[in-house]
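The following pair of complexes shares a single chain, chain A, combined with chain B in the former and chain C in the latter.
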Partner chain A sequence: MAESAIRSATVHAGAAKAQRAGEKWAPWILLAPTLVIMNVVGVYPLLHSLYISFTGAKPTDPNAHQGWVGLKNYAEVVSDGQFWHAVLVTGGFTALSVVSSLVLAVLMAILFNRPLPGFVLMRSLILIPMLVTPIAVGLIWRIMMMPELGVLNYLFGIVGLGPFQWGSSRGSALASVVLVDVWQWTPFMFIIIFAGLKSLPRSPFESAQIDGASGWQTFWQVTVPMLKPVIVIAVLLRLIDAIRTYDTIYIITRGGPDFVTDVVSIYLQRVNFRFFDLGYGSALSWVTMLLILAVVLIFVNLSGFLRIVNEKEAR
Partner chain B sequence: MSVQIKNVEKSFGALKVVKGVSVDIADGEFFVMLGPSGCGKTTTLRMVAGLELPTAGEIRIGGRDVTYEEPRHRDIAMAFQDYGLYPHLSLRGNIEFPLKVRGVPEAERRTKVESVAQKMGISHLLDRKPGQISGGQRQRVALARALVRNPRVFLMDEPLSALDAKLRATMRTEIKKLVTELKITTIYVTHDQIEAMSMADRIAVMKDGDMVQIASPLEMYERPQTKFVAEFIGSPAMNLLPARARPDGRMACDLPVLAELLPDAELTANPVAPAKMAAYIGIRPEHLSLVEGGEGQADFEAVVDLVEPLGQTTNVYLNVGDIRMIAVVDRTRVQAGQRVGVKVRREALRLVAA
Partner chain C sequence: MSATLARHKARERRRAVTLWLLAVSVTVFFFFPVYWMFSSAFKTDEVSSTFPPVFTFAPSMDNFVHLFLEAEAGKALWNSFFIVTIATLLAMIAGTMAAYALARFDIKGKNAMAIEILSVRMLPPIVSVIPLFMIARWLGIFDTPWLLIAVYTLSGLPFVVWIMRVFIQDIPQSVEEAAMIDGCGRIEAFWRVTLPLLLPGLAATMVIVFMFAWNEFLLASLLTSSDAKTLPVIAANAIKPKAIAFGLACAAGVIMSMPVIVLVLMMQKYLVQGLTLGAVKG
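Showing the complex of A and B:
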């Protein structure tokens, strides 16, 4: 009797051991498909492009030296005026677009935070631009911005303004693509900031009212600081996205006229897939990625993003 | 500053949450609005603060009509149930906020913040943020912020309800001491009758958007006008027996001896319970005493149902036929099931409106 009890206990212990081993491997088995796919379509191409960037790969030119060239491509990047021009254009485009959409999004969030009739419907309609494919957005705006046939010049004409050249003039091309980007992505910022605003506790705002703060003081000294974590995240996401913008700009201006809207992604596309200068193009891509990383890190540090995250976790 | 509330009403859509409340609060008075949740006490307070606008009626502070004035022009301070601190500011930033938005110079702000922080015992925490201190400390910060600019009226919305029982008792005495010292008119909202009894100069018991009785704590305890007040104030609650008016003007009740003992003066003492109306005869548990063996001294006999010794006093649950009563006595040797005589303190019998 006692013996059988011991035996059964041993059997149980064995089963438990087997189960524990299963627990050890289960996560890997479950993650395997994802890991395989990620490595095949993500990690491998990335590493391969790093390799290519050290070669003279140019499939369209049989006479070129396609093999290892060391740091030659990177040295060329440093002195490539066209690339650094594109970096400046991208910086200008990004700064204008992110700042404008942030300001608009905060204003809209505050506006929609009050219960007024029709606002629920409006709030939903506002999100539409974000849902449209960027290519379609580009096409729609290109048609609307046509100097002779476009609806924008027609509308401005009614109130006695214009005609404007929009994307086809050196002076207004960058502003035009910024306008489209702001139109498309302000809703995204709005929805994040609006959600943040909604989740703020009510009582600090009531305290501010009682304590004697004016609307303006409340906005700058209570609303904005309390929204800061949300604003930082929204700006961070927008920042990364704006730097990578390609499709709308490509459709509207193709980087022109005279390269005033020639952002890095368009320049990269040109080098890689028009000239098929893959080695040099890959080097450019890697430099661009490092620049984005640098911008993000600088922003993360300046904004106190990590401190915000840590404070939340500490609670 | 005095505060007058005149026929103030508040509706949210079709729901009327405050139904014509009127009260005059004297300068320097500690006035408590007491009632269960949903009785309209917080809404009434928020209307005095200006955080809600009344649907009808008038509110005056220091004689001036402020009914529709913005909160910041009323010169009031308020302590919220959840403290209402600014999470992104240090405690110093929180306390000096009302001074800062009024443009008080930095040096003066510093002195004032330090003196009020010392009074509240939080000087050593001034550089921390609200997220880094305990609930009791947060409440002190909220009070410090309210006190730092000497408001005309001090409003408190259940400021202690988030604290544990022990801390609540300490803070109760501290707040009472503080506002008495400063002689600031205070309106305090709570659902805790002990807070109300221990702090108030006057209490208004509220129910369904109405002030059902306004009186000093002792008067409220001694002479509750309605069944609701009688049950809400005092623990264990007052014994209440349904009573009917008799044609001769006296009362009848299921325990006839109580109706007989009810002094004549009591028939007219309660303004809201005219003697001809259906009402209750009430007696506080401590006004019933047990008589063991002494025949003839007792007013009626009862069977002990349950004895709860609490140390200082003992709760004795009694059955008189179908009627359940409770007596609070000093130490006793009576046991469940025992028959006892019960003596009523006649002058403590009350007529209470339904």
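Showing the complex of A and C:
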């Protein structure tokens, strides 16, 4: 009886040890599929595109030199006025869109942070724009913005404004695509910031009230500092997506009129797939990627994003 | 005294009503275009192109009939569904495994790996299109669903890994250890104890990954030519050189958007945490 108990105990200990020995490889087995997919579908094409960027690849032009050209493509990028114009447009578009949706989202979060009848329904309706397929967003706004038939000019006409040319005039095209982007992605910022606002502790607000702070003072000295981590995360995610906006601009203006909305992703698509200038296009893509990386890193450093994330981990 | 109190109360009420009206107008701003898309989908082109626009009309199913009979939307719908479902499942399985490894095991270079996985999320898709295009030609999988499945699995992975890592970390390790002391292996402990607790998180993550792949246009338009076209690609065709096919565009928009709207509104509770890669709790 006792003997068998001892034997089963040793068997158990042995099994546990074997299990732990086997577990040495377990994390790597678990990570393997992800690493394989990332390297085969992600990293390998990237390195391949780095190689292409040093060649004159242009499948539509058999007479062109398709082989190694060294840094020629990169030298061309530096003096490509159209590209740097696109970079400026992208910068303007991103800054306008991110800042306006941030301001709007914060105001909305504060507005909705009180008991309002019909709140649940309103919040669900406000969420919908970020769920609509971007192509559909582009189509519906393009239809609504038509100068002669569009419902927007009709509605503005009722209150005596307009008619506006929206996406079809040089002056208002960029503002129009920014408006669409703000409409689509403010809900995303809003639900994140709203969730952050809801999770703030009550006591700092109460002590601010006791100290006789005005609403404005409370906002800048209590609410904003406490919301900062959430705002940083929301802005970072929005920034990454706004820089690569393609779908809605492609549908509404295609970069026009006169290239005023020609963002980098539209320009890249044109170089690569209309002119099939693959070598040069790859060099442009790499420069773009490095620029985006620089912007994101600058933002990450200035905002202390990593500190915020690590604090989350530590908790 | 009571007069000032009454005045104060009246002012409070006016303020509440003003704020409520403000909230309603914000809601109208965000919802009106969606409403306009849904209502235009049921208008004939004749009704759509009248000015001033009409708000009441006899609904017609013409656009949907036309979309499925002539614009090949049926096939595109199937392609979208097939490609996105398979890619989502692959990303969920591979990503959850990786997330478990990152959350529960002590591995060297763990943070570097997490950052590397996240940087896939930052990559502008246009950068890898050219090599993917060339590789796909070479492998003979251009314009087949498999190419887009591979691409969407890749773009879904970082989300799954980051979000599921946070969800798994939220479940105390002791729960699993208790099961392991009771004689379960690690796999059995995960399957019987951790997985059921993870289900809501898994569902929310799946909905988000599904949404991004379902809505994707750029890669779908460049990596397909006819057989593997997805819904957004077909919908973009509603723009003709000189005009827009109103009804067709709106009907396609409705069909594309409905699944995502329904799925996400069902999962609202976990949406914020999912969208912020686990960093903000909703």
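The criterion applied here is as follows: the second predicted complex is superposed on the first by the 284 of 315 C-alpha atoms of A that agree within 3 Å, B and C clash if a C-alpha of one lies under 4 Å from a C-alpha of the other, contacts with A are read in each partner's own complex, and residues count from 1 in each chain.
The rule we apply is simple: contacts are C-beta pairs under 8 Å (C-beta built on N, C-alpha and C of every residue); 3 or more make two chains touch, one makes a residue touch a chain.
These figures come from a predicted structure and were not determined experimentally.
When both complexes are overlaid on chain A, chain B and chain C end up sitting side by side without clashing.
Touch criterion met: A:Thr34 reaches chain C, while chain B stays clear of it. Using the contact criterion defined above for the overlaid structures, shared-chain residue A:Pro201 touches chain B, although it does not reach chain C. When the shared chain is aligned, chain C comes close enough to touch A:Val230, but chain B does not. In the superposed model, A:Ile126 lies in contact with chain C only, and not with chain B. Of the two partner chains placed around the shared chain by superposition, chain C is the only one that A:Trp141 touches, whereas chain B remains out of contact. Vertex at the C-alpha centre of chain A, arms toward the centres of chain B and chain C: the angle is 80 degrees, rounded to a multiple of 10. When the two structures are aligned on the shared chain, A:Thr55 is found in touch with neither chain B nor chain C.
More residues of chain A lie in touch with C than with the remaining chain of the pair chain B and chain C. Contacts of A:Thr94 after superposition: neither chain B nor chain C is touched. Of the two partner chains placed by the overlay, only chain C lies in contact with A:Ile243; chain B stays clear of it. Taking the two complexes aligned on chain A, the least Cα distance separating chain B from chain C is 8 Å. Within chain A, no residue touches chain B in one complex and chain C in the other.
Listing the residues of chain A that touch chain C in their complex gives 19, 23, 26-28, 30-31, 33-35, 37-38, 41-42, 44-46, 48-49, 52, 108, 111-112, 114, 116-119, 122, 124-129, 131-137, 139-144, 148-149, 151, 154, 183, 186-188, 191-192, 195-196, 199, 230, 233-234, 237, 240, 243-244, 246-247, 250-251, 265, 268-269, 272-273, 278, 281-282, 285-286, 288-289, 292-293, 296, 308-309, 312. Every residue of chain A that touches chain B in the complex is listed here, in rising order: 201, 203-204, 206-214, 217, 221-222, 225-226, 228, 311, 314-315.
Of all residues in chain C, those touching chain A in their complex are 19-20, 22-24, 26-27, 29-31, 33-34, 36-37, 40, 49, 51-53, 90, 93-95, 97-98, 100-102, 105, 107, 113, 116-117, 120-132, 134-135, 150-151, 153-154, 157, 161, 185-186, 211, 214-215, 217-218, 222, 231-232, 235-236, 238-239, 244, 246, 249-250, 252-253, 256-257, 260-261, 264-265, 268, 271-272, 275-277, 279-282. Note for the complex: chain B touches chain A at residues 49-51, 70-72, 76-78, 80, 82-89, 97-98, 101-102, 131, 145.
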